[in-house]
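Look at the two complexes coming up: chain A is in both, with chain B in one and chain C in the other.
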Partner chain A sequence: MTQVTIAKAEAPAAAPRRAVRRLDHRTRSRITAWMLGGITLLFLLYQWLPILTLGLLSFSGPTGGTTFPMNGVSLHWYRELWDASIMNDFKPPLARSFLLALACSATTVVLAVMAAQAVRGRFRGNGLFFYLLLLGIMAPGILVGFGFALLMRLMGIELSWDTTAFVTHVTWTLPFGFLTMLAVFNRFDARLEEAALTLGASRLTTFRRVTLPIVLPGVMGAGLFGFSLSYDEYPRSLFTTGADLTLPLAVMAQLDRQLTPELYAIGTTTTAFSFIAIGIFTFAFWVLRRRVQARKP
Partner chain B sequence: MPEGPLLTQLDLELRGIRKRYGSFTAVDGVSLEVGKGQFVCLLGPSGCGKTTTLRCIAGLEEPDDGDILIGGREVTGDPPWKRDIAMMFQDFALFPHMSVAKQIGFGLEMQGRPRAEIEARVREVLASFEILPLADRRPASLSGGQKQRVALARAMVTEPRILLLDEPIGALDYSLRETVMLELKLLQQRSGISFIWVTHDQNEAFSLGDLVVVMNHARIEQQGPPEEILARPRTPFVAGFVQGNNVFRGKAGAIEAGLLRIVTEVGEFLVPAGAHTAAPGALVSFSVRAERIIDQPDAAVRNRVTGRCTAVEFFGAVRRHVLELADGSLLKYDQFGALAPRFVTGQVVDLGWRAEDAVLHAP
Partner chain C sequence: MSTIRPGSPTSYWLAVPAAAWMLAAVVVPTLLLLWVSFWGGRAFSTASPLTFDNYIRFFSNGAYLGLVLSTFGQAALLMAITGTLGYSIAYFLVVKLQSARWRTALFLAFVIPFWTSTLIRAIAWVPFLGVNGVINQALIFLGLTSAPIEAFLYSMAGITMAQVSLYTMLAAGPVVYMLNTIPPALREAAMTLKATPFTVWRRIIFPLTLPGVVIGQVLVFLNVMADFATVATIGGNKHALLGNLVLNFYEGSQLRFASVVAVLLMVCMLAGVALALRVVDIRKLGA
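The block that comes next holds the complex of A and B.
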């Protein structure tokens, strides 16, 4: 016992001498943490300040302009938005974009799960299939849209938000959902499926009762990608939407005509909408996670 | 329990199973017969094809060639859910999103049994596996031993004809294994379900199996009761793989009075020739078990070697002396009972064995 105490007492005596010459690792890692934290904060400000600026200006008074300084604070532009003709212009595009985003979300989920399952099972040319699908992320949107519109015109198919624009959007949202599902299946233990098969479950039952419940959080993620990427898509919509505009197209058109804080109010409203959608998804995700996770004994 | 003709029926029959992955042959012509309620251990080093064989029986892999019969019925090509089997996986493969009770009822549910019957049967099984208090828990909150019980209960609840076990206790703590092994053996005997148990651990195979099947390089090297495999290894691989054998290689000489003379680097030995027909000069091998080695042999013992003791190991019931022979090869000599070591390291000693204790291997 005595020997141990002596050894302990001697050890710290040697340490301070070294600390004089160089900063010890604890201090250094604290400085690094502050620096990285600072950079992260700057980045987040850079990301969110523009949106906050728009949001702030949308609350300016009736005589307010589209730049600082704000002339008073009011809900004038939101009231204007609700009553005035401009909102009547925007209501249909809003409804279209919302429906389109929902449809994209559902389609992305189904196709992404199927594509990821196929690649997981390995088939001839599955590497090529992987890269071809990812091309949807790489290809410049405006060209994809333009090329698609040209092709449709050649084939005599009329452009519309719920047909041609929908298909173009899915080529954009699907790769994201696909990558999400691949990542999820990468961590999935295929032996769980084999266990179900040997317990008498058919392949379909195995998918329904074992695979799907376990990968459900990933499925929700794929759905969220499908929704949010389609909801504010501009370049792929530009040439493929036809006469009835989606929300981003309508906003852009309005920007060209006149610029009032009303537009900021629209921007703020749609952002709020996106957040609500994300919030609903996140909540559902959280509920499912809790259902899958172990209950505390 | 059904009596009569069923008793003579085989639970499982494999006829020339072959499975290739590209240019790699995983299983090469495996044939096996498993009688009613037998405990069979597939034993071999990793990559020998034992797990692939098991997966072929389960229907998780489709053999390229050969037939599989379960309970006399041809099932080759049938999906897993149409075979009268259940499988237990090494890390148990419990469904993370189901409670223990739900998980055990899964197989019954798949059979379309009524809800009330499922509940009653699950409770019965939970009680018999002594895991009733775990009924509502999820797998993530269970210990290794508890998971093992749940996995076993889940597999046995439907009373399949065959239970396939892929290294079922490999994931357990070493101290738990002995108890679990005994429990499983008793359970198998009571249930009458045939167990096909894949392992690379010969202790498991020899203490559990009614039939031990030793595999190497995609083929069956030898199959038989554990005593037979221990006492009469058929090939040099089996002799080398099974602990406690001393393997010698040499050239065949003449046969005198049923004994084959074999010339090796460390001397000439006499080995029962059996059905040996190879020409003189052919390369042959034989083995002698470490416990058959005699210390200070008398004149009647005709097979003799001289060795220098290099190590003494202690295995509880056995003390093993490792001796280096003239050509540098090692000879094992086992002494039973927790006695003091017979030799000390460095000591040079004369050892021998009776000719009838040596086993000649198939060419």
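The block that comes next holds the complex of A and C.
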């Protein structure tokens, strides 16, 4: 008797349930969106909060410690940074890191454009060449730095930031520039070159007058990789820099000695410096792309 | 026809500088590490006899073996966390977020830290994790704990927290790239054929993004395996992974032992990459 009633009650319920389920898809999809959105925002907070805290704490008062409370607001730690003693003077390391990054940027741009052009030529063994360059990204800095330091030791070459460190930095920045240029040439319309060649321009002239101006925004991207990756590089520098430190090495040495808000001040300064570099490169990228687009009829 | 004639000598010559640079500064040093790790005797010279002694001494020390295991464990943990987190974020940014302006803004907020110093970002975690750090202050303020928890700074938990913030972008980036290549029509077709959203994701979207997932996992794996800077910054001298061991031996002038550890590190990493390459073709991403 009861079984019958249950069966009767279930039968009409089946039809509405299907309707409910179809509605469920849309709500469920929306719930997923909200959940994933929540995760994304929380992660962004998680990623940015330490950086912002570092910036905030660098402005704490002279008696401020390495965490909250700040004990007042001042530029004390930035002044300490500026008047630094020889022991923790960050200005020479900053100058070295900047020059090194510029040199790496320029080298990366030239070698990456050449390498990408070479791969466009589809020479025999270009697959192997691709993997050889990719090795620079895959091989960890600690191995490259350590191995190169051993090699220099065997050859009796003195380690220095502007020679040995430069060589290892480029092995790290070049692959990124190369991949950037490959991606750029992938989207490049080769018919433009054909037109120039058909009109009698030499290959070199075509490259200089047609190809290069069009891929210039990508070249800026490769340059940015070259600059920022070298400027922030730590593991390769650690083994190959010698006595005159670059900025990340000086920061790490200071952390080993003593953690003070001064370290936060230098951290904030170099982070701001990175942002400025990104800004300049992005602006140049934007201007160049506008110029290229403006030429199109 | 392009500015380079296919297979021409010019294309060879253009490839020479980059190839020579990578050979001289990456391949040769790596092979040298391999060679030095077999050197016997005491002097640092190419005339050293070759032996397995260094390896035997390394493997007979239980503490070092434990270090190898804990390095793998840390890499696996980070791969699981950043993989899940990175996929969620990538999926939200590309598929779920409708407004193009918001997508650009969030994407930039996500990517910009990649262009700043990893070292500084690791140091930025220090004021967070200490006994009087921000996390403990927040916990006490919220009444979740009465006494500060000492488990953050100088602990693997703190190291893991910092590494998650550093490496999630590596896991998410390739997935974003792969998700962008999927035409929306594929989804719509499957939905029209009455597949549930989860089925669409499981049978269509996920397999198409798999190469991105694998590349991301490889990047996280390689970075965590070789990470010694974050460990040194946050772990103090209390914790070490294989990378720190290389550095310790190097600073103690035990170059042969440092080479042994470096070679082990390299073998582990190559094995990981080889495994991943069996699953996907990396060149599909690059070109």
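Note that in this section the second predicted complex is superposed on the first by the 255 of 297 C-alpha atoms of A that agree within 3 Å, B and C clash if a C-alpha of one lies under 4 Å from a C-alpha of the other, contacts with A are read in each partner's own complex, and residues count from 1 in each chain.
The rule is simple: contacts are C-beta pairs under 8 Å (C-beta built on N, C-alpha and C of every residue); 3 or more make two chains touch, one makes a residue touch a chain.
Everything quoted here is computed from the prediction, not taken from an experiment.
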| item | value |
| --- | --- |
| Chain B versus chain C as contact partner of A:L100, first or second or both or neither | neither |
| Touching partner for A:I214 - first (chain B), second (chain C), both, neither | first |
| Which of chain B and chain C A:A165 touches, first, second, both or neither | neither |
| Chain A residues touched by each partner, larger count belonging to chain B or chain C | C |
| Contacts of A:D189 with chain B and chain C, given as first, second, both or neither | first |
| First, second, both or neither for A:A222, with chain B first and chain C second | neither |
| First, second, both or neither for A:Q47, with chain B first and chain C second | second |
| Contacts of A:A265 with chain B and chain C, given as first, second, both or neither | neither |
| Which of chain B and chain C A:L197 touches, first, second, both or neither | both |
| Residues on chain A lying within both footprints (that of chain B and that of chain C) | 194, 197, 203 |
| List of chain A residues in touch with chain C within their complex | 25, 28-29, 32-33, 36-37, 39-40, 43-44, 46-51, 53-54, 57, 65-68, 111-112, 114-115, 117-124, 126-127, 129-130, 132-136, 138-144, 146-148, 150-151, 153-154, 167-168, 170-171, 174, 178-179, 182-183, 186, 190, 193-194, 197, 203-204, 206-207, 211, 224, 228, 231-232, 234-235, 238-239, 248, 251-252, 255, 259, 263-264, 267, 270-271, 274-275, 277-278 |
| Of chain A, residues touching chain B in the complex | 189, 191-192, 194-203, 205, 209-210, 213-214, 291-297 |
| Touch list for chain B against partner chain A, complex | 58-60, 79-81, 85-87, 89, 91, 93-97, 99, 106-107, 110-111, 136-141, 154-155, 158, 164 |
| Residues of chain C that touch chain A when the two form their complex | 1-8, 10-12, 14-15, 17-19, 21-30, 32-33, 36, 44, 46, 85, 88-89, 91-93, 96-97, 106, 109-110, 112-113, 115-121, 123-128, 130, 132-134, 137, 164-165, 168, 196-197, 222-223, 225-226, 228-229, 232-233, 243, 246-247, 250, 255, 258-259, 262, 265-266, 269, 273, 282-283, 286-287 |
